[in-house]
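Contents: one structure, followed by commentary.
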């Protein structure tokens, strides 16, 4: 059975991400694992998913791996090639996006994302990619899913700079900012987290096979809510792993 | 010379309209004589004029006469086929239109246009075409030119319904409505009018050859400002008449 | 996902009282077969909207299916007025929210982009606005520019229940191309809760993927796809067929009086079972062949 | 009207201190030849803007021509960071107004449509907005929805002095087509006071008239048309040529240090007279032929 399948942590993350997507949903994705997860869902249980890239691309069928959204390789065989106003305006801001799939430098106990800078914003800092469409997707999607490496420096009590708001500091602060939706899942290479309906604080939902609770908690920068019973994450099926390796990411660039 | 040329009143109106257009200007036109006038200008002294139709057409070169803007005949050989948002939004509301060329059921002493209804708006009335893009063009063009038949019922002290504002009732009322620009000329089959810089009331500028001042004033519903000396309108040249008859409106639908 | 259905199935999805945005402009790409089927199914109390009124709205109003119209004015171009719409306005039998072309499309655009409102320079100082404020007090408001303090007219976003759009090319998912000017159609589709696509040509998605810059209607917005030839007749579909001038004249003449309109409806709408019978009544293939567009001219 | 000029003539029309909107997105359709010529002509103190920062902005910043950047963040995709832009921000040698992709394009859109401001849901609750309010207090404000009373963030319209856009097809008047996604380019052009079109293919207006639905740049908005092959190199132009991965890696490595960047500029920008010499330095026809796009794949 699936226990026998060998898979990488990234393949497990991609599969866990794919399981979060329902058929017929409209998904806004940045590049990397989110794309692998979304293509996997579309090729398995959710064939009617609509995949949207912010710069103006819907439902491409790439046959070569691209270096980023700007790479024509990822536009290949798209159904729509248009613009930011069309994608981020009429689809996202217009309220049509069900799921926003985001990664980042660091996230925190309330699902805020930082892709802008590390260090002291007022003093010495190192500047990175910034928002792109991430802030827009985090602000207007019905729900967002965060995929991030499970490291202490990446999972903090509070990010040093909020590029894309999650629940901010909890206490209804997201609603006060005029935003609905918010993060529903955080998927790492060790566990899957949700958010407490009341406090909006990150809550451990499942631990990946082979990981121990101490390991999960000992390698993050804050203490999430931990329920009495925490199940193991369902591992990938052989078919899911095959599709990732043979069809979606044959060069193993994102999931290797 | 040109005195010898036989021409119809409509041909004279078209020529007078063409003379108002400068090379390089962007012109928003409805169908009919305004189109004849604009194409004439483009084929003579103003080859770099940009002609725009509200529904999404730039610089067509029709070879057949159309029944209206919706007729594919008038889109033939266009450089751009797009949309209302592109034309009326990014070109007109964006502030790029130099001249709006309008006709109507009736206009008045302050250059307001009515294309909506005749009769009592609160009681018995007959409803017509309404605004289309006319109100937008009258509101956002740098200047507008009105072409209309010279009849008492069409040239009134005050129109019964302002579809497209001119100077409203004068006294800076147009500016109070947040509008700049306004009508610069009214061209009829008997005369050409401008507007007084102060009062914004219609002012007689020239009388077409063969018309008498009494005839002009006696066949309109209000008294315009009449300067001491009123010249005759310059008649069409043989070349202008030839271009209208042979190239622009060979079937004489608009200028016959 | 294959969304291809018959016209009657697509029309049956529209409840009485719905707000329907129509793709027609005067005598081009008007949803005529759709309008006729709406009348045959007895759907009532519709709100219809389009930037410039077209023959589809006139037929629906003439058939008594409309209680409210939002439009920027309109006509049958040189064939005449929208006689049924104008008569209904004059008699007060429908509520007419009259706008300008830009103010209508800005309302659709605001609805499409999720803007809470959109400022506009048009309408101010006009009786069109004064009348609009009476019949639709909640459609407009005033807002101060937070940067300059200037006062602007603000329009409320418009989100129709369904857009019905006549296109030249679509795939079974509803991804569609429109040849020629698109007037307000893109904004109508993006503002509407769902869209019914009526297409001349039905192509595999493979064809759409060959020229995706042309895809102005996204499949995910579409609930039904209907493939029906000459479904805009007697209006024109650029690059497919020309308008049927004789039939539009016949309609314009009939529509001048309620009796004439009644007779037109009895013969061309209620007198036929469906669009196929309508096409035969016109003279079938022999007549329609005369309307086929020239591949270069597009009409 | 024929507006075809050389790149140096077009660049010479841009005064120091101007606001220039650039068409690049990361490693695609970046205005590289333009940026190099700006540096050779010693134009300074520019404000540059684009929704997503690209290699063109990085080269201009690396060459010291930029004092302010408005962008939504950006990178060289997997080739690395925008090292020069990031270093300049870290050192405070340029002012950076950071937005998101949508808030940037909404500012262009408001400028294009003549809207006094545009409400948006993005940015609120973020440090991106907090930082923006510090460096550009006049770029944003708050406005109450006159229909619901809800408070919205409002963006000020953006009207650059000139848009510089890399396209695949243009005619001598500047009517132009863009193949592939257009990201913010249409809104940049429509918002800008004028546009410089840099095209791979120069075609007669006759060709434009054959497919006018594709014309996303209107000739009347264009002041100069430059026909220059591989003018986006080393970035990609869809359906024309692929990105030059080796050269981008070489650039990304060099840009990591001021010294490395200096050496890159001395060799590839100041070390050549013009774009033609640059192409020869790369290896001329023999090297460029390897980058030619496959007609089906587009890369």
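Chains here go by letter, A, B, C and D, matching the order in which they are written, and residues are numbered from 1 within each.
The definition used in the following text is that a residue touches a chain if its C-beta (ideal position, glycine included) is under 8 Å from a C-beta of that chain, and two chains touch if they have at least 3 such contacts.
No experiment lies behind these values; they were computed from the predicted model shown.
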| item | value |
| --- | --- |
| Chain whose average C-alpha position is farthest from subunit A's own | B |
| Pair joined by the larger number of C-beta contacts - A-D, B-D | A-D |
| Chain centre separation in whole Å, for subunit C relative to subunit B (CA means) | 29 |
| Inter-centroid spacing, subunit C versus subunit A (mean Cα positions, whole Å) | 41 |
| Residues of subunit A engaged with two or more neighbouring chains | 81-82, 85, 89, 93, 140 |
| Of all residues in subunit D, the ones touching two or more other chains | 114-115, 121, 150, 152, 180, 213 |
| Chains grouped in pairs wherever the two touch, ordered by label | A-C, A-D, B-C, B-D, C-D |
| List of subunit A residues in touch with subunit C within their complex | 26, 47-48, 50, 58, 61, 77-82, 85, 89-91, 93-96, 140 |
| Touch list for subunit D against partner subunit A, complex | 25-28, 51-54, 71-75, 77-79, 81, 86, 89-90, 98-103, 105-106, 109, 120-128, 131, 150-153, 180-187, 236, 238, 242-243, 245, 293, 297-299 |
| Interface residues, subunit C side, partner subunit A - complex | 1, 111-115, 173, 175, 190, 205, 208-209, 212-213, 215, 218-221 |
| List of subunit D residues in touch with subunit C within their complex | 114-119, 121, 138, 141-148, 150, 152, 154, 156, 179-180, 213-214 |
| Touch list for subunit A against partner subunit D, complex | 31, 53-57, 64, 66-73, 75-76, 81-85, 88-89, 92-93, 115-116, 121, 124-136, 139-140, 161-165, 168, 173-174, 176-179 |
